[in-house]
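Chain IDs A, B, C and D follow the sequence of writing; residue 1 opens each chain.
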Amino acid sequence: MGILYFIVQQTMFFAIPLLIVALGGMFSERSGVVNIALEGIMVMGGFFGIGFMHIFEGKMSGQPLLLLALVISGVSGAIFSLLHAFASINLKADQTISGTALNMFAPAFVVFVARMVQGVQQIQFKDTFHINKVPVLGSIPVIGPLLFQNCYITTYVGLGIAILSGIVISKTRFGLRLRACGEHPQAADSVGINVYKIRYAGVMISGALAGIGGLVFIVPTSTNFNATVAGYGFLALAVLIFGQWRTNKIIAAAFFFGIMKTFASAYSVVPVLRDLPISNEIYKMIPYIATLIILAFSSKHSQAPKAEGIPYDKGSR
Amino acid sequence: ACGSKNNNSGNNGNSTTGNATDTATPTATAEASGSDQYEVALITDIGTIDDKSFNQGAWEGVEAYAKENSKTYKYYKPTEKSDEAYITSIELAIKGGAKIVVCPGYMFEVPVHTEQAKYPDVKFVILDGVPHEDGGTADVAANSYSIFYAEQEAGFLAGYAIVKEGYTKLGFMGGIAVPAVIRYGYGFAQGAEYAAKELGLADGSVDLKYTYVGNFDATPDNQAKAASWYNEGTEVIFACGGAVGNSVMKAAEAAGKKVIGVDVDQSSESDTVITSSMKNLKKSVYDALAAFYGNTFPGGKSVTLDATSEGVELPMDTSKFTKFTKDDYTAIYNKIVSKEITILNDTTAVDKDGKAVADASGLPLQFVKVEMIK
Amino acid sequence: MEYVIEMNHITKEFGNFKALDDVTLCVKKGEVHALLGENGAGKSTLMSVLFGLYQAEKGEIKINGKAVKINNPNDANNLNIGMVHQHFKLVHNFTVLESIVLGRETVKGGFLKMDEARKKVVELSEHYKLKIDPDSYISDITVGMQQRVEILKMLYCDNEILIFDEPTAVLTPQEIDELMKIMKNLVDEGKSIIFISHKLNEIKAVANRCTVLRKGKYIGTIDVESATRETMSEMMVGRKVNFNLDKAEEKLGDVTLKVENLSVASANSHKKVVNDVSFEVRRGEIVCIAGIDGNGQSELVYGISGLMPVQSGKVSINGKDITKDSIRRRYLAGMAHIPEDRHKHGLVLDYTLQQNAVLQTYFEPRFQRNGFIRFDAIREYAKKLIGQYDIRSSQEENSVTRGMSGGNQQKVIIARELDRDPDIVLAVQPTRGLDVGATEYIHKQLIKQRDNGKAVLLVSLELDEVMEVSDRILVMYEGEIVADLDPKAVTVQELGLYMSGSKRNIAQ
Amino acid sequence: MKKRKFELSKGGKDFAASIVAIAAGLLFGLIILLFSNAHQALPAFGMILKGGFTDGLSGLAQVFYLATPIILTGLSVGFAFKTGLFNIGSSGQFTSGAFAAVYIGVKWTFLPGGVHWIVALLGAFIAGAIWGMVPGILKAVANVNEVITSIMMNYIGMYLVNILIVKYVYDPIKSQSVPVAKTALIPKAGLDKLFHSNNINISIFIAIVAVIIVYIVLNKTTFGYELKACGLSPEASRYAGINSKRNIILSMTIAGALSGLGGGLLYLAGSGKYLQVLDVLAPQGFNGISVALLGMSNPIGILFAGLFIGHITVGGNNIQLFNFVPEIVDIIISTIIYFGAFALLIKHLFDRFRRKSSESGAAKEAK
């Protein structure tokens, strides 16, 4: 039982940032804009969030600080993503261009600023956010240790974002319009929906979520931020595709990947796995191979948004 | 051609002194001599200067000496990890006025060998390595000085202290199996063994989980691995791999367990750092620079700094031991200095297939049970 | 005189090209006003200006006598103007209900309130007899139903002025009749309708007045009742049009295409959309597959051409079994294919005209040597086709086909397919969306093919075309061939009965 | 009446747009420099511009050395782009190629001198091809999005190569691959003497040959005609009887082979570079995306883009003399790529300018 709790708790640390960022990607792509800049936006979000913590940790601490930092990350991610939105929506450029540019720009910019301001590239933060046990909820049998012990508030933020995303996409006016813009922008335009505005909104939501995801990635993983999110932005992109651009499948994909990654690093807690004659390095490959195999059997019908990647031109027919 | 036309308008009055015009002349762009000169240079290996570990330790030495003695100093970052890139960086440093170049890491062995011959007037300090030709044997020129550290002794101190402190469930998480890391691990296991023996513990009563994670980074994977060890009962992990430590500390914070830092004093990184297994990078670099400016540069030599020369230590002032006292520390330290204890450090041992052993499972241990996580 | 719509002196330019040049359109309240013109005359553009999709450079619009500015479809909507677009604007993975409410959602705090919407949609659909299933996905419903969805979209927001841009191009005769009735109902309720069509008999049937455009210029407005088909077409084209094709007696030869017990499964499910179909096409005849859209005609052709795998059965050309052959081998066996969707299949839109001219022949020795393209040969070949088939484009053989007009794009395909001297031509709706002149030209080409002793399999939804061009009609209904008819011995009405499944002359 | 007028060709317009983008990127870099240290900004900026020309021929050698692998990964990405595929897996292909080259370089010492390096490069070519082929096959057969499979293959390649290095070519003292045999190094053909540098060898010429071959394949052959048709319109190519599945597989395979070759060229360059056992994806693969975009997926453009990035990377390294971090070069390059997004706009401006002038010309004629 203890092992199970541990596996679930650890899985959260992998799955939640992937989930948040992939959901961000979903908003952008379902509005019709491919966003390969997730990695770069995560770096930016992480930078501003951690930077904020670094500056204010003397004045405040605990969950309020973390929540405020999340807001800062989200806002900075959204602002940074405007560059992508402008190039892909207004300039109608190939959407890999600005995506690639942002991915390259973010870490360079972060290193540059960090060094200029504090001389050191790493930005230190003090972790006052870890929750050993959520009061009351943490004591519930089974559920308590599964979900409410050894965790960060970011887990609930992530789950909340997932639920909210599902609702926004399928139950709200905005969601309906967003989907229309990603599938058939001319149709949306013909009923008076401003495709550009909706796409801006989609990209900015993806920026905000990727920014938040950047911070959520770093907090449980390290004690400082070193201008990188270790390729998790690209993995989130993979989770998005794996999840067929649909909220519930993205949740499943993120947790699948999270569990696989947890086993790959923490297989030694499971006696059976530890005794298998399989090396560390092979365990590390397993999540990727497993994903590949599942994809090979499950991708016959792609549900990619039809107008994804195609700039919308009001005049074109 | 660029700066020449509008160099006056380019200086928008922010510069503090009159020498602004000096640097903005066209010749300044053409010749490096126009830029400031830096006498003391350090080339980073592929990590950064602030890696809280190896590069940083060396850099702190450079900084400390240069500041105290008002020398100009600077570090350079190579474009990539290759001999030629290191050579390019060294030459850039020399172009920038370097008289002495500090090169942290065995990666510099071949580049320094090339450059010591090419620039006999420049001095080279190489840490953790000795200049040699590609595939050849050690060849330390008169303008080079090579420093090794007895990491096994630092590891020994940490292993000894931690078992004395009362911990018996230990972990060793190395970054990559490079010699220095291996030596730390060997020493750690032997230190634990020695303490267990002193304490009269039963055979195999100290558990030691042992692995190399494959990188020097803070990643969720490393955090998860450390967390899984703590979850299985491990009480202390010796995090021996640069930023890997940051992930281990994170896991320790969550689990309420302890971490042993490496290379430099990492106590400020996290409250979970009980002590750090240090090699005295800072001091050794400082001393080398002092010798250079005191005209006693120990060129042509390769030394191994160990306990006898205070090359290794535990920072007892910042350590958070409750039982293990300063006196205990002094006692064991002296035993090492007096060679009363022999610490094996054979990192080149090979098994029957000719593969490097590179872990502690081959050591003759009685009280410590090593569990290799492959 | 009281007009609901007055569009005065409208000029609209695309770059240097004047799509509309001083055009005037006045629509009375409660009338069906037809808008007639060749392809590219500017009909859709004029309507887009009215609907706020484009802004005119010059001119003014008055609605109910008041000058207005229509900057986007929202403005049009607020003026109670609705439009059914020539190319449907429906999202394939939306439900019918979602499609109808898109843009006019009822919400509470941002959340959709679909129940209210559903009630209103069901009421409307019952009132106007527009049968729909609100929960079906757009991709699953027939074109006819999609059109009903488009109409409901307009009615859903209580529009008074309704624009129908070529609504009949994709409908069956029965559906067209139904649509005419609906339009009359709407007009009776006091709504005003602008109706765009190339088909003069439809205009005769339903419209009160008719405005004719030619090449972006206003030609005139006439009373439909007093005008003849001939005068209208003359106004439209600027010359007399010959409505009767001269066709020689057919001289039947050997069997070229033989289809035996062919079954094809749908792309998404295992349902048979072509069910055990057998027929032959001989040299010297044009066989036409008639039927309501969505009865398996497309899949039948895809099965023959190899674009879809067949489930069972056999296809042979000139006696050679090609069922398992690759698409390329089928071409080499003597097949040509004028595809239904010229943008998706017929052309690589970003290739130039000359590159498209050799789409199936680039590997032949005349166009390549050792894998290297013989550019000169291809250029010469393209020039020959341009001359022979009168293909018009701005940069001749170097024009990128995406920028070419629909009619000329179709000509490129026809030239390429027919010039390969095929034994059997599969032509699927080769004149869809084309004007009288272009249609006439293509029909002549197909007949020429037949007269030269080749076989033609024509798939068409347009009954006029079916009746005029074919030598034999096969009617397809729900995946089966239900009738084999002689066009000279059958009336349009009868044909309609076969197509709707109420009659068959081939046993099950 | 027809009259030939001066008109920028499509390539010409692309080129002009690139120049504008480069100028904008450099300007932005200059602003950053001025902002961080106005005092030394101009000389440092001059040094960036001077790039590979700073240290005479040895600086140029450095440029070629840095450019060679990214020209090949750029070609790889650009080639796939042309055929409608996004090869984000160049990194893994590069790594597997590098390993194959090193393995053959270390182990197959029975090969004679003139042949050894060629076989090693061939090995790199084939290993990269295999790594590219997997996403190709999965896309063609199972319709799996190549972006996700390529990302997965990157990681699988990295971990697998780590395992293989340790198993076969490991130097345990340094935790990296052992040096390859001298015969496996790419010949320097006297260039090292000429350029006073150890970095240089004939690999830049190999890269140029690859550029030319890719150019010819894409533009002059029926195979290129097919590939581009598949990229531009998969459905129309299917209709045309082109075997698009085969072409997807071939395209990814060739793309992979090019990346693999890039890996081989870098690790056999004799620059003292060794395969590290490290959980980090090879950056050359991602730089390839930048190079391809900068070169507008045109092989010739990619050649110049690669050289340009090499050039200012050298400059960026040198500005450390002025106390600037070399990351500024990344900022400049990313800005240039970003301004590449303005290409459409710039081309429109050119068109409008041309139209204006031709209109006024026509007006004059009319008078």
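Keep this in mind: a residue touches a chain if its C-beta (ideal position, glycine included) is under 8 Å from a C-beta of that chain, and two chains touch if they have at least 3 such contacts.
Keep in mind it's a predicted model, so treat the numbers as computed, not measured.
For the interfaces C-D and A-D, the C-beta contact count is higher for A-D.
Once the centre of each chain is set as its mean CA position, subunit C and subunit D turn out to be 46 Å apart.
One finds 29 Å separating the Cα centroids of subunit A and subunit D. Centres computed as Cα averages put subunit A at a distance of 35 Å from subunit B. A straight line joining the Cα centres of subunit B and subunit C is 75 Å long. Under the contact definition stated at the top, not a single residue of subunit C touches 2 or more other chains. Multi-chain contact residues of subunit B (touching two or more other chains) are listed as 214, 217, 219, 221.
In subunit D, the residues that reach two or more other chains under the touch definition are 162, 279, 325.
The list of touching chain pairs reads A-B, A-C, A-D, B-D, C-D.
In the complex of the two chains, the subunit A residues touching subunit C come out as 171-174, 176-177, 179-180, 183-184, 186-194, 301, 303, 306, 314-315, 317.
Residue ranges on subunit C touching subunit A, taken from their complex, read 14, 51, 53-54, 72-74, 76-77, 83, 85, 87, 89-94, 98, 101-105, 107, 110-112, 153, 268.
Of all residues in subunit A, those touching subunit D in their complex are 36, 83, 87-88, 91-94, 96-98, 100-105, 107-109, 111-112, 115-116, 231, 234-235, 237-238, 241-242, 279, 281-282, 284-285, 288-289, 291-292, 295-297, 299-302, 304.
Partner subunit C is touched in their complex by these residues of subunit D: 220-223, 225-226, 228-229, 232-233, 235-243, 355.
Those residues of subunit D that touch subunit A in the shared complex are 32, 36, 86, 88, 138, 142-145, 147-149, 151-153, 155-156, 159-160, 162-163, 166, 279, 281, 286, 289-290, 293, 325, 327-331, 333-335, 337-338, 340-345.
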